[in-house]
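Next come two complexes built around chain A: one with chain B, the other with chain C.
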Partner chain A sequence: MFKFISKNLYHRTITLFFVSIVSFLVIYLAPGKPTQVDPLNPKFTPELVERMRKEFNLDKPIYIQYLVFYKDLFSGKLRSWKDNQSVMKKIKDRFLNSLPLFILGTLITWTISFPIGIYSAIKRGGFVDKTVSFLSYFFISIPGFFFAYILIVFVVKVFEVPVIGMNTFGLEETNAFTRFMDRVWHLVIPSFLGATGGIAILSRYVRSQMLEVLQNEYIRTAWAKGLAPDEVYYRHALRNALLPFITMFGMIIPGLVGGSVIIESIFSWPGLGRLAYEAIMARDYPVVLTLNFISACLVLLGTFLSDILYLFADPRIRL
Partner chain B sequence: MKISEGLRLIRGDWVGFLGLCLFLCFLGVSILGIFLTGGPNPTLDPRKVRLHEKLKPPMAKASSETLAKEHLPFGRFILGTDDLGRDVFARMLQGAYVSMSVGFVSVGISVLIGIIIGGISGYYGDRNIGLINLIAILLLAVGFILISTSQITLGLFLFLVAALFLIFRKTKRLSQIEIGFIDVDSFIMRIVDIMLCFPSFFLILTVVAIVPPSIYNIMIVIGLTSWMGTARFVRAEFLALRELDFVKAAKLLGLSDMKIIFVHMLPNAIGPVLVSATLGVASAILVEAGLSFLGLGVPPPHATWGNILADGKNYLFDAPWLTFIPGFSIMLVVLSFNLFGETLRDVVNPKLNA
Partner chain C sequence: MLVKRLLILVPLVLILFLAQSYLWIPTYEEQTKGNPSRLTQYITGSIGDAAILNPILSSDSASAEIENLVFEGLLDRDKDLNLRPRVAESWEIEEKIYVLLNPNSKKKPEDILYILEKAKKARDSSFGSIKEIRLLPPESVNCPPVSTRDGRRPNNCVINYPNRIMISLPKVEPDLSREIKELLGEEYYKDFDLDGIVSVDQELRSEILQRLKEEFLSTIEENPVITFYLRKGVYFHDGHPLTAEDVKFTYEAIMDPKNLSPRAADFEPVKTVEVIDPHTVRITYKRLYSPAIGTWGIGILPKHLLDRKALEEEAKRKGKESISIRESNFNRRPIGSGPFKFVEWKADQYIKLRRFENYWEGPPNYQEYVFRVIPDPLTQEMEFYSGTIDSYSVLPHQVVRLKNDPNFQNFSGLSFGYTYVGYNLQREPFNDIRVRKALAMAIDVEKIINYVVYGQGERITGPFPIQTPYYNHKVKPVPYDPKRAIELLQEAGYERQPDGFFKKGDKKLAFTLITNSGNDIRKAILAIVQDSWRTIGVDVRTDLVEWSVFVQERVGKRDFDALILGWMMGVEPDLYQIWHSSQTGPFQLNFVGFKNPLADELILKIRKEYNEAKRVEYCHKLHEVIAEQQPYIFLYCPKWTALLDSRIVIMETSEDGKIEYRKITPSKTGNYMYDFNKWIKLREKILLLDKG
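Moving on to the complex of A and B:
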């Protein structure tokens, strides 16, 4: 057990090291220099460019830059090139904004797709199954931002609530209930939108897992014993069908950074995805690299967690 | 499996058949698009700006008679005009083949890389890495990096030398030097793990933002960041095929490795690859639309459905057709690819059609 975990961690550390190199190379070897972002600005004199290059170590050889960057990252001294703010503080602020969106979206996805998937597997070929299949293909195929605009127009016209941003400007004077409802509306629509794609994919996956498990011999045995349908479905089939979702659970963690760029842009939500987009557009490399590194860490953390969870959940894995 | 048999299976599943029909329609429209809107003097000009005709609704009559006869079918803007007075019908036609080529070329790149890497990993998996091969691959990588940083001559030279060496080498002696601590399969799978650590849309966004905006760069970037799935499929298939008798027979006959891999093993492993390629085209079109929305998509003068939609969203209330026509077109096409892909998955699955 301990050996497995330590070996796993060791492999992940090596992977992380190479990820750090690759993400650094992707940014630094690409054409275009961060000092050339605003070439037409008259204040951007050659002396200033030179000073900037010195300040941010851009005149050093690339391996020195690499070392300096990761030293600063781990000691928390890394500063954004755009506004000289601490990168960690920026990311922390945005992270706290993204978190409610992420948590609510994940909750919606998982609570809706499991009942749907299980039900359509049990009533395979029925009306509900066909409708759900059609709707899932619809949501997988529609461009996210197009659907978002339809949804915004619909919500604003029918419920007459504002949805862009995190809250409505100028509502600070009103009573607590109004402010609360305002926040809730602003939160629910983007989360729901982010969840639709997830629901479509996850419910299809639950359905196919469930169908696969239902074909097994032990399910036939369970039927032959004369067990009640609920007993067969939920006690014998579902438990085994749930195993692969441990992996899925590990894979949702990295969605915190990468999954929300478009949705946060549509709703002007000041979260991590929006920060990533702004940083990329401004060539604010420290922020981009840090976000890249963090999301790689999250991927590795997610797969690590799912490996560990498998150990506990699947009795067939014995160490 | 024969094609006729596959057709029979597809016809049994009307959803998949519908997907195939939609897909063929789309193919026809995009070929029509090449003929009608391509070339220096196209029949329908998607680039022609008519400021006095801007934001006309679908089926509106063109105001100027002479212009109408020359450039418009029936003298009408069938799908309306956009904010610069360009004919949306012509733009959609052009967008069909541009979107299509973005989808197909990027998936082509990713499938090619996936097959090569997955094939090597599955076929040579248990061998140790030859030092000389490692050096050649490093040269390939360095060459590629140099090409992308616009030092083209040196990069191309290194790239070609390494590639030619890998393809045409005859010496066995040099390949004897091996690195013992890791085998080919683990090495390649580590690389795949590293690539999978990057969230794909974020990585695409980063790279697209820092390379110069061009349609080819978008194809290449989408292709280079989405080969991991294919590589895994091919590897898994090859690991199973490697142990089968027909591969052993081919080896005993003294066929070259290249021939065994590409002529004998690949056709048996192509099923899941085709499925993931079909689904990949769908997702590439969606990714391009997403990039267009963020202002990083295929740059003008090329029209894609993604950037027509992204431009149209600013006129959502005044000119809803600018949003809804490309939006629903993308949806239909992606839907057709997804449906067809899912059906293909059942068709190529040997368990189901035995």
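Moving on to the complex of A and C:
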């Protein structure tokens, strides 16, 4: 067990090292300069551009730039090229904004997908199953931004309440409870939007898993034993159908830094997705690279966790 | 079955909990109408957040919008774009001319002095305005900070001046130096070695000498002097009075290489900034440079919060050795002397300002100014209709629909920019003016304006902003005439082939037209221009290039045939960087390679002329020259339209306390925000007569 974990960690560290090199190279080879340097602005004289390059270490050889970057990253000294703010602080602030959206989105996805998936598997081919299938494909194919606009216009016109931003603008002076509920309300639509795609996919997945499991011989044995249908479905079938979802659970962790650029932009949500997008547009390499590095870490961590979880969940895997 | 129950109950509870939160939310109605403090708030929406709130460091428009309210410069522009006193109450412009005397000449310094005095008495042309003539002894002066193009600085650089004659003038006389030269005669400087008076590190010598000559070094140095008299009773938001020291500090902060100020180029011509007394500051320039005065519109920084002592204290608090202005917290919590003071900045959410009660012109009517970041235009529009933001910039296709909506008041004007098609004049076939004219005639610009920007643009013919006096309205646009275009191409030696395309010898008339991706308007123009040119028989290919590749690889390295691009201009008519022949090198802005001796002369004359009427005259001439040469096809200047809540009006309180309301009227240049400090929102819409 210990050997397995340490070997696993060792491999991941090596992977991380290569990821750091590749992502640095990709950024380095991409054309463009930080937006603090605008070559088409007459105010930027060649001298100034040159001084900025020096300031950002862009005049050094690439391996020095690589070392300086990761040294600054680990010592926490890294600063954004766009506004000279500490990169870690920027990411932390945005992370805390994105976190509730992520948690609620995941919660909605997972709590709703399972009942839907299980039900359509049990009533396979029935009216509900067909409707759910149709809706799933509908939500998978509808463009997110379009659906978001429709929802916003609908809510604003019908209910006449604000939906964008993290809270209602100008509501700072009311009591803490109302402010909390206000925050919750502002979470509802974006996280629901973020969840629709997830629900559509995950419920299909749950359905097919259940169907597969239901064909197994031990299920037939369970029926033959004369167990109640609920007993068969929820004790014998569901447990076995759940196994693959452990892997999926590990895979949602990287989503923490992903965020959704489209949803965050439409809802004026100051989250990580927008930070990353704006950093890319502004060639703010310290922010882009740091986010890149963190998400690489999270992917490795996620897969590591699902490996470990599998060990505990599936008695057939033993080391 | 517990699992089954949980599977049904958990999502139900979750959904119910989320749904009930709706009950706690105030509706738009309650927010905008039921809230009296909303009337004293001005809320505006912006696509992007500000980057850095420091006028000497920022270069984005969102930051500038906030800085204009928090900071104030010595002067700004009034409704007609003339300079208007702000922190400075008034100013004077004088000139000092230094005539270097040739020590090898037979003429003694006294002889020269006598010649000049005589000319002064005789009041020969510009000599008449001379106030004083004085002989200066030889003197060694350290060079001003100077560096080579790649940023290297000499260790030691001294100018050993021989005897000089200083001439003081009460106003700038740009012709006087030429007249003095004529008076002294060509012979006088013949055996004078100007380079010899500079001693500098040998390895950098030639480059530094060249820079010094570009900047000021000459046998006759002309130094304009501006004296600003500051208003008394101007305070920073922390109660500290604004004095001449702050002005000097702002200049020093801009020029400090550590700060990497994007405004440094504007202030490079400054020679010295002297504090005469707390309310007088004198600025001497190295050379004649008339756009200089406009640069003092830059917000004045508080010295006591950003000087070395203050920064050291801040560094100590943060536990660091030293910090520069760039890293200071000031840029996130600015303190200036403008009509609004900074309250709060939530990154990518909003910036809040409150009115400054001690503002020298009296506090604004609004209590609060809020700058909300709403990156999506549709969301912004929804928020505007709901009343949670007060203004909305209308997109071109919405203008017709929204302009006559009685719920809003609308303003429109021309922007300070234009869109153009530029050629690489170094390349075939664009080095032939007939080809350039033919290509221009093949394009129906009116059609582009009507269909691409829905009529929201105005045809232009030259490089100056159309609402400034520098624009020459007499220049006629190139007519749309494809027949004449074909004739012109034939005159230029091209022959039409059976396939319809033109050929000269065995070379087909073919090239590539490029623009940057991500700009739909330019993309549409690209297609129209390509089609127009193909119709007359030019084989044009097009390409969309990602912005940074476009700028770095194609424009910067001159690797293009023709391109579509736009410029944003300032009020000052200084076209040196875009049109002067010295600016055609790689990564310089005259990337089309426009070289015209007459244009060069005019560009330099405009820079040196302090007399407005003459400047306008030169600009009109320059406009003519550039329009004649057709290095660009000047297409159009975009129009903007803004909507404003119709309950917002101008409120003025007269001296006897009577309150009067007035409709907001835009200035001649279309700026409706000009009277912003007097704006207020009323509870109900009232009918006001348009007195403008």
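Throughout what follows, the second predicted complex is superposed on the first by the 304 of 319 C-alpha atoms of A that agree within 3 Å, B and C clash if a C-alpha of one lies under 4 Å from a C-alpha of the other, contacts with A are read in each partner's own complex, and residues count from 1 in each chain.
Assume a contact is a pair of C-beta atoms (placed from the backbone, for glycine too) under 8 Å apart; a residue touches a chain by one contact, two chains touch by 3 or more.
Predicted model, so just to flag it, every value in this text is computed and none were measured.
Undergrad: See if chain A has more residues touched by chain B or by chain C, and give me that chain.
TA: The partner making contact with more of chain A's residues is C.
Undergrad: Please work out whether A:Gly226 is in contact with chain B alone, chain C alone, both, or neither, and reply first, second, both or neither.
TA: neither
Undergrad: For A:Ile140, select first, second, both or neither according to whether it touches chain B, chain C, the two together, or no partner.
TA: first
Undergrad: Once the shared chain is lined up, is A:Val153 touching chain B (first), chain C (second), both, or neither of them?
TA: both
Undergrad: Would you check which partner chain A:Ile280 touches, where first means chain B only, second means chain C only, and both and neither mean what they say?
TA: first
Undergrad: I'd like to know which partner A:Asp83 touches here: chain B for first, chain C for second, both or neither.
TA: So A:Asp83 only meets chain C here.
Undergrad: Just checking: does A:Gly125 make contact with chain B only, chain C only, both, or neither of them? Give me first, second, both or neither.
TA: neither
Undergrad: So in the superposed three-chain picture, is A:Ile27 touching just chain B, just chain C, both, or none of them (first/second/both/neither)?
TA: first
Undergrad: State whether A:Ser265 touches chain B only (first), chain C only (second), both chains, or neither.
TA: So A:Ser265 meets both chain B and chain C here.
Undergrad: Between chain B and chain C, which residues of chain A are contacted by each of them?
TA: 30-32, 149, 153, 265, 283
Undergrad: Once bound in the complex, which stretches of chain A touch chain B?
TA: 14-16, 18-19, 22-23, 25-27, 29-32, 137-138, 140-146, 149-150, 153, 254-255, 257-259, 261-262, 265, 276-277, 280-281, 283, 288, 291-292, 295-296, 299-300
Undergrad: Give every residue of chain B touching chain A within the complex, in rising order.
TA: Those residues of chain B that touch chain A are 145, 148-150, 190, 193-194, 196-203, 205-207, 209-212, 282, 286, 289-290, 293-294, 306, 309-310, 313, 316, 323, 327, 330-332, 334-335, 338-339.
Undergrad: Mind listing the chain C positions that touch chain A in their complex?
TA: Touching chain A: residues 1, 3-4, 7-8, 10-11, 14, 17-29, 31, 35, 38, 41, 43, 48, 51-52, 59-60, 147, 149-151, 257, 260, 262-266, 326-327, 331-332, 346-350, 370, 372-376, 378-379, 382-383, 386, 388, 546-549, 551-553, 555-556, 577-578, 587-589 of chain C.
Undergrad: Along chain A, where are the residues that touch chain C in the complex?
TA: Listed in rising order, the residues of chain A that touch chain C are 30-33, 35-36, 38-52, 54-55, 79, 82-85, 90, 93, 107-108, 111-112, 114-115, 118, 149, 152-153, 156, 159-162, 164-166, 168-171, 177-178, 181-182, 184-185, 187-188, 192, 230-231, 233-235, 238, 265-268, 270, 274-275, 278, 283.
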